[in-house]
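Across the two complexes that follow, chain A remains constant while its partner is chain B and subsequently chain C.
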Partner chain A sequence: MPDDLLLDAQGVSVGYTPERGDRILAVREVDLRLHQGEFVGLVGESGCGKSTLGFAVTGMLLPPAQLVGGSIVFDGQDIASLSGEQLRQARQGGFALVLQSGMNTLNPVRTIANHFRDLLKAHGSDHSTARERGAELLRTVHLDSDVLDRYPHELSGGMRQRVSIALVLSLEPRLIVFDEPTTALDVVVQAAVMSTIKELQRTQQFTAVLISHDLGTVLEATDRVLIMYAGQIAEDQPAADVLTGPHHPYTEALLSCYADPRADVVHLGGIAGNPPDLSKQIDGCPYAPRCPLVQDICRRIDPPLAPLGRGVAACHVRAPASKELAATAHEVADREH
Partner chain B sequence: MRYFTRRVVLFLITLWAAVTLNFILPRLMPGSPADAALARLASTGQPITNAQRDAIQAQLGGANGNIVGQYFDYLGNIFTLQWGRSYSYATETVAHSVGRALPWTLILVGVTTIVAFVIGTLMGVYAGWRRGRAADATVTVGATFLASFPPFWLGLLLLYLFAFQLNWFPITGGYSAGTAPEWTWSFLVNAFEHSVLPAITLAVTSLSGWVFGMRNNMINTLGEDYVTFGQANGLRGRTIATLYAARNALLPNVTAFGLSLGAVVGGSVLVEGIFGYPGIGNLLYTAVTNQDYPLMQALFLVITVSMLVAIFVVDLLYARLDPRVRVGPEGS
Partner chain C sequence: MSTDRSDTSTAVPPLVVENARKVYRQRGGRKVAAVDGVSFTVEPGAAVGLVGASGSGKSTLAGMVTGSERPTEGSVRFGDLEVGRLGRRELRSYHSRVQMIFQDPYGALNPLHTVGYTVVRPVTNFLHLDGRGAHERVVELLETVGLTPPEQYLGKLPHQLSGGQRQRVLIARALACEPELLVADEPVSMLDVSLRADILRLLAQLRQDRGLSLLYITHDLLSARVVTDQLLVLNKGRVVERGETKQILQHPQDEYTVTLLDAIPRVGARRQRSRDERTPNERPSDVVVVRGAHPMTREQRHG
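For the complex of A and B:
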């Protein structure tokens, strides 16, 4: 285990158990390794399990969601085994979560200064200096200290999201998961908030996970991109390689959904068919029914992650995991040309 | 401050509308309430002076004078507490009857309303916070059970058990016959003993509403992003339950609480009736059965005005509780 490994999640499965009907496996045996100071993007369409995975690694799975398999080791400690109070304390200097739409993440009846005071108090810090500490943190997200005396409804959406980032920073977390942090904001504000996040990550050197359906934003901000499909990692590549080189067919389909991957406007939905029903057992590759390169083997065997370019992908055709599978794939390649 | 001014103006306009309606309604009634009132007053055997006739006609509408003049006479009488004479209690003025009944109702119904609100809200917070667990099930089932008791039935049951069978509490009245209301220890104890059963009846039957309201509000606010975010930031459970969830869940309940405080003055006709309690509810019952128009009109006025005052106070309180309402539509 390399020294700088911060988070080591192995075989993570998360199920949602509805009151009626079958359990939905939103995340299926995912391995996720995050290194110190790394900025990783997590991309996929709605319902692919990216947010659920983000919540799982920050110990925020709330019923009806529950971890049904695997281990999540943060800095040598399995967070799934922590009791409620241990988990609460581990958040100071540990892992944090910035939620989608900063709009509603602040308590409408408390001033911003009180939010800082509550947090410092909860972690046994000296909360008499909450105002000074708050002002200092607000400065790092480019907000004026007079924001301290405001109520959330007196702030704009972008300001609220900046305040929630400042609040999270007061915990001095080593891992921050940003769950679609700019989705509810207009494009101009989006770009400004994203640039603040990038800047903070560079200067404070925390490990960051950016969950988004906007591949353009993710490619600009991150070092490494994970593409998720149907609760699994389909591909894991350095961000620089995503626009070039061979890929998982799903990644290619995602890329083709953008007129320009750096555009701010997102048009998803250019892939025929629907993701599989996650409450059912999936045989073979989950993308097989929608895949233009599909082979017989894809319908029988779920492909493991295997080397592709500088990263890995789960595809029998593009990243065959064994010689036997490679033979099948070569046939395909021949036919393609 | 702008908020305050707007509330005051709104309050005054509503108050004027209520007082005016109270003037118009008896004049719209079939027959003449004023003639009926005069006839009833005459039947008590007292001589009716011209001044009395004029006063009754000014209040309830009579043949003489133009309507505008009557209206201003009426307004003048209202604000100088000259509400006329009741013929249910021929020896005293309506203002006296109302003044005599008011403290009993204010204390009995007022205290039980506040106690039921506080206990019910706390139970609702607890049940909502522990939603789906055994504690929630216990509180919810218990509250449903209590909610199914009609107040008059529970009152009769308590009377039968604790007053008639066990003789722990007096059967009727606000104080023992033979004593007169006075500020002595023994009278206060006596009055307290008389208030226990009606208070239990009122509190128990109104408790469930607060429990359910607060529990549902709690469950809604617990699903809000600021609660999730607080948890993700490692706030203590107690902080989240109180300052984050319950503090926000309380807001809709405060409005309902204001309305029930306003309704306090109306008393509880059924419960006061069963226990023979000397409050406004009983007085209203007496007024209606005796077709005592002056008394009825005065009671309606008092009840309406109390409701308006309660709503006004809640509006001001709400501004203290929710920073969002302090900003008007034209605010920043």
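For the complex of A and C:
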């Protein structure tokens, strides 16, 4: 493992087993490698498995979600096998999650100062200096220290989300997964909170994953973007290349959803059709039924990730090496049979 | 407006908001004007956008238009009706003419009611149809909002639908009583970016096919550009800029409008630039909403 590799998740599969009905495979054999100090975006439509993957790599999966395959190694430690108490210890200086509704997870009857005290206490840290530490952390997220004596309902949505980021920072995690941290906020506040997240990531050098359905926001903040579709990675590219691509047809479709409201002619796209049912076996490329470039092979063989530009993509058409890789894999499978 | 129209009973009136003010009293007696002297008119068939960040007063204005809030001063009139003075029964009949759709398609549907039941209720209550007639009307409505084949959706519960499909059910429910004005408060902001274009296209199409007037409330200037012709930019309860949508977005005069424009991720602008470079002479209609790989312009929609 090269020393700057912080997270190495391989072949991760996560299933949801409902009380009735078939198991839904929300994440299907995904590899995710995060390097120290990297800022990675995880993008896709609702239900593509992006949040589930984020939960899996931070050890936050709760039943009925279950890790059904693969390994997740964080800083040399396999976190998939850790129990509740061990996980809690690993989170100290390890990894943390900021949620979309994180601003609503604050306790309405506790002041912000008490939130810092409770958190540090729960993680066995020195909480006698919680106030000072809290004030300092609030400053880093551009809040006044008098916020310490306020209750959550006295703060705006943007301020509450800043508080929940400050709380997460108090444990000095090396990996922070932000799950739609600004989706519930309005545009202006969203831009301000995102710029704080970017700044924190740069100055504090933690590794970050930004999960969002909004490719536009992700491209502004991150170094590398993973596009997820139907529980798999469809494309992995440096953020700087996503606009200039060649890319996966799905990435292209996501890009078509953006336009400049100032333009003389506004072209606004959407994506026709729905993602596949993840409780069923998927034959071929999961995007094939919605893909304008679909070929015969796409309906039969699921394309593996293959080099495209400076990254990789899973597409027979755009990343021709997918075809060769798929062919080799089939030969191997045939020989083994 | 032609006041001498002979058949006044069926003519759609304009919505006229005049110098509306809404003052809330905070704890401790301090007064805050959420809306502070706003005037505008939605002419029949027009689409007017109210844009602004949270706290700009846009949802309070929507509340005054739909009758859930009464203006502290000023008036909201729809034809002869003074909306702020309507009693409960009058308000009910007003709501058969003015309907709303909201931001949260997840919270606005009763989880225990099927799509069919949700949409048939207003059909029974407002149009007084029942049995076969009501059923046919519901099927028609589901077709209008693109939930096809309708039979497949009638028996579904909200949790079996995606966010975009739920928002379509809500639009079908709003259309059920054949309203003249639709008030849409952030109808796409909780949907995936990939689903927004479809809902926006539906709104634009309804306006065209049914002559529906639209009051569209949003903080998203791109969607405002797609569905509205006129725009009011609100800041702290006051109108800071108003005019033709495209004109305002291309030549914003107020600093606050510029802030809103600057908050938009640059990906759209950068895409636009590369598109302009590729096709410098292409000038079709003003707004083209493309569905997936199949471009669809207004002409084709009717073809």
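Annotations for the structure displayed:
We adopt the following convention: the second predicted complex is superposed on the first by the 309 of 337 C-alpha atoms of A that agree within 3 Å, B and C clash if a C-alpha of one lies under 4 Å from a C-alpha of the other, contacts with A are read in each partner's own complex, and residues count from 1 in each chain.
As a convention for this text, a contact is a pair of C-beta atoms (placed from the backbone, for glycine too) under 8 Å apart; a residue touches a chain by one contact, two chains touch by 3 or more.
None of these values were measured; they are calculated from a predicted model.
Of the two partner chains placed around the shared chain by superposition, chain C is the only one that A:214 touches, whereas chain B remains out of contact.
By the document's definition of touching, neither partner reaches A:240: not chain B, not chain C.
When the two complexes are overlaid on their common chain A, residue A:188 makes contact with chain C while staying clear of chain B. Once chain A of one complex is fitted onto chain A of the other, the partner contacts of A:118 are limited to chain B, with no touch recorded for chain C.
Of the two partners, chain B and chain C, it is C that touches more residues of chain A.
Those residues of chain A lying in contact with chain B across their complex are 58, 60, 62, 84, 88-92, 96-97, 99, 101, 103-110, 118-119, 121-123, 151, 153-154, 164, 167-168, 171. Residues 45-47, 156-157, 185-191, 213-217, 219-220, 243-244, 253-274, 290, 292 of chain A touch chain C in their complex.
Touching chain A in their complex are the following residues of chain C: 53-54, 162-163, 192-198, 200-201, 219-222, 224-226, 249-250, 259-272, 274-276, 282-294. By the touch rule above, chain B contacts chain A in their complex via residues 224-226, 228-237, 239, 243-244, 247-248, 321-324, 327, 332.
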